[in-house]
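Contents: one structure, followed by commentary.
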């Protein structure tokens, strides 16, 4: 098979590191450009000793330029901060490259919503209509034809996959949804900052970003599309003293008349029966983040509570693989007509 | 000062271990009896090497008998499983001992509620009316006169202290309360079991006991007393990959007309201004479990969300100190007319 | 390619769990039998939720019998305690099966040494001469022709690979070698026991098994073969508050005249230049366990100290992959003429 | 009792944080000045939320000046980097203040040794002769009369206490001593740096600073004084994925004729029988860092190995309390004629 040459801008963060790992195992994608302002000039294998001896180790890290990308790459992954991607994408598209963007710059369909929640002017509004939200289970067809894919946020990935079946099949109310999410510390990024030090994070637990975390409008937008109506949710993220994984506990009200627990379970099973990455657990089982570690799986546990008339849905994903780099690779697979799970078969250690 | 001689039945669990630690620092309580079926015959300092060289180390662990208790103790702490305490308490009271019971046996006022949630017949129903729920901030007067104190559960302690001000002052609705709690692994106890092994707990996160954890009726009973009406809540505990600490994220609806954030904050501050262990954080600050580690503090963060008309309250406690052994000692202090915080001044390491 | 059918006896331990993970990714080995006394009757995918949806999930766990093995398997992996494998192996070999044994039963060449250190009579002494010590870098040829491979211990794997170059090339003395090893908690096994509970292991560190850990004679035997003389070493293992990984810090004396640091480094590089799994770090770099997580890599850092005339060698491996299941699979690959790294290409998440 | 007013320069590091914790419990020392360049102007209780409601919380952090110190303090603790303390101490002493310095500036008796290992010129050489090495068990008398105490390094504290009895009583050789130490991550300090991030430290283990860590000459100097001869040791520190605690595994050779294990044990017991903070474990028991967490204890395990003629000594301390702030407070107690353990009685949670 011919190789697909890909570039990665932003190798120093955890999502970029994860993509380096995954690309080293992909049978047909080949990393040909790795960019970082701070680390330019270093061999990638020196910067990431785990890569030594593996595909990609010999690449020399460079400063990003559209010219290098155009000459070396078919597709570019952007793992850069919000506000930066929108400056890079137009030129990359003009140079006939495909782009998968990890940031939020192209996830929100409406400029004012982006500007309200991110506090930045949007500089590439004209591209918003063509950007495809890269959740393969929901939008595989559009992703396949896209030039620009907005890779979903980690929390939204866990939430949308968790609630999709219940909203789609109208078994829950659309108001009064509360999402209590907990993420491993890789979600806080790889910036040198005291609150992210080992001694500050280990043996402790806290909420953050309440009540207006930036993933809120992304969740509301996508859940609203599924439900067919505008939605407002309460979203509260927390920081776990562990590296990887997101667990979202989602509280919803069952519609009247409430289906039985078995009927609810059947709705979830039926919805996902052709999606090998979505594993609906048996009634009575609850998911654990370790079981999806380093993979694309989303495990979903459903807890109907007849006493309170609620349906609690718990979903777990790996925030770096499903929530970032793995999903980006799945999207790139679709954009090149490859099976969505190419290079994503490995089962990482549980711990 | 004369010593108060105390016994501890159930030294091998984490709550018992914590009480051993705290008693070694108490100026006037003296451990005179330490019971464990499995470890009888061992010196306490050998069993708990951290105690070596400290008060209590030379006690020889014994099998529990009312006779030994009667001859050696003024008060007995029971750190035994649900169902066991109710068998021990009547004889201890007849022997004129005071009792602080860590279990749930005397927390629920109504026998049928106990039997429904714990699946056990209650064998000492006649003592339920006199048992006092041992939350010092709420019931100090009754505790002072009690023979039998039912030490609160760890989760309920965090929840009741967190919601008390808002319910008492009628600023939130009593329906539609969701409590998403997360506890360190000491909460799962010290029993040898595969799911509690280091390799199973570390680097992972999961919910458990949904939707009917046994602390639910205790929470509903006590919140109901504060609100002055029967209450139903949704309570969901989760297991954190760390040792100590509980954080409860509590979702409530503000009553109409909603007070301003500053007014809400003032209600909390005013309610707790004479309670040195309750620290209401400034608006915009969120609590962290590490800041209360090994102490009696309950730190409370309040998050009014005007967008959703909700009040989110986040409380943190140390599950072993405030949630078990420290609170038991505070109750014992009150039962002997000592200042409630006697022996509870130390500030444990954050980490 | 035709499948190689393999059985695994002892699925419940961490090495067995790791082999289940690795087998689910192997292109030509297929798990056809999974045995456990305690868990017989359960579907493997139910017992290990991470396997759900992957190859092997539908196998029903069985009690071990030679008959089932003979009818379903070409090769059997034994992940059973010391003393048990020696009872199973003779019948398996008679049934014309190949065996890779994870235990120590066939690692020590001399029965009296086994019996002294393991305190058990050896019941299959006649097989000791044909058992091959399964360290692929050293014994690939013999492994390829073996019926019975004794898979090395985790600590010995890290030590032998670390010291091989220096002993082989006679740059260090053979007396006075001290090996200070540190292992993640998976090394302590998956038995329900209080000292292995999360709360006992996390936030703590201790040595264990001093001064006569059972891996000592295995290390001495294999180092002695390399050096060409009998050797005595000091070996001290410690338990790390983390899941995976072994780091061995090895203190040796340089022979006179001592080579320069650059010459020493060159000896190591030259020795391992054709072994892709052995990565000799540049002078001045030290290895970290995370960089080999879930892989077959052994990273080696060398620290010549001119002040003390010592050579310190630090090696890291993943104790479950290189130190157990991955190495077993590599051995099985060799026994079937496959490339040694078949199915072992994946790069696990660093964390 | 009258208060002793103390200042702390360098509150933002972990040692400074620990001293804030300990001072809040001291019956007669009172924090009256807290300095930090970066945090000047903040209330201490805001900066350290765990202090809120405790003594010291209302102090406003200031920039250090000798004038403020002279007007507010009797004694100053310096928790500042190497090279900074030597600039502050002369003026503080001239202002008639006592000083306990956490840094290495006054630990090494000889300027050239300091300059060789620290790479800095010494600017206060004239004070070296009067500075007392603040290990209370060895130098209590001199500390009591000192104006300037050099608080020992964390690793040296664990090593010197561990080897003292064996060197003092001449049961081990003075050559060929290897010290393999492992420290929790608080030892790496509280600077914002990528290698100290949670995700980089957790689930991993590594050595660092080999073979010339700066604590080496301090260890050699103090061991040499005990042995009565110049000594050279091999010292190798490692970084543990946990917060607190140091464990040092020390390899020594027994002198001929070697005493029996019981005799060795008796030497240790006898040496330390009047030192309540030094706990010599029974033969066969090994120390664990958790048992000394947050305390001044040094637990020592001794492992004679007749097979190799070595004596292995394992010592554990809490690196922040015994290895820094607690020891500093003990020194200050001695300097004011207080019992050495004043304010150091508390028993921190094991975990």
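We call the chains A, B, C and D, going by the order they appear; numbering starts again at 1 in every chain.
Throughout what follows, a residue touches a chain if its C-beta (ideal position, glycine included) is under 8 Å from a C-beta of that chain, and two chains touch if they have at least 3 such contacts.
Keep in mind the model is a prediction, meaning the values are calculated, not measured.
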Between A-C and B-C, the pair joined by more C-beta contacts: A-C
Centroid-based (C-alpha) most distant chain relative to chain C: B
Centre distance in Å when chain A and chain B are each reduced to the mean of their C-alpha atoms: 39
Between chain B and chain C, centroid-to-centroid distance (C-alpha), Å: 46
CA centroid of chain A to CA centroid of chain C, Å: 36
Junction residues of chain D - those touching two or more other chains: 186, 199, 202-203, 241-244, 288, 290, 293, 351
Arrangement of touching chains [line / ring / star / complete / other]: complete
Footprint of chain B on chain A - complex, ascending: 176, 178, 180, 182, 184, 199, 202-208, 210-212, 232, 234, 236, 238, 240-245, 247, 249, 251, 286-290, 293, 301, 303-305, 307-308, 310, 312, 314, 316, 351
Footprint of chain B on chain D - complex, ascending: 17-18, 21, 24-25, 49-54, 186, 203, 243-244, 276, 279, 281, 285, 288, 290-294, 297, 299, 320-321, 345-351
Chain B partner contacts - residues on chain C that touch it in the complex: 14, 185-186, 190, 192-194, 196-203, 241-243
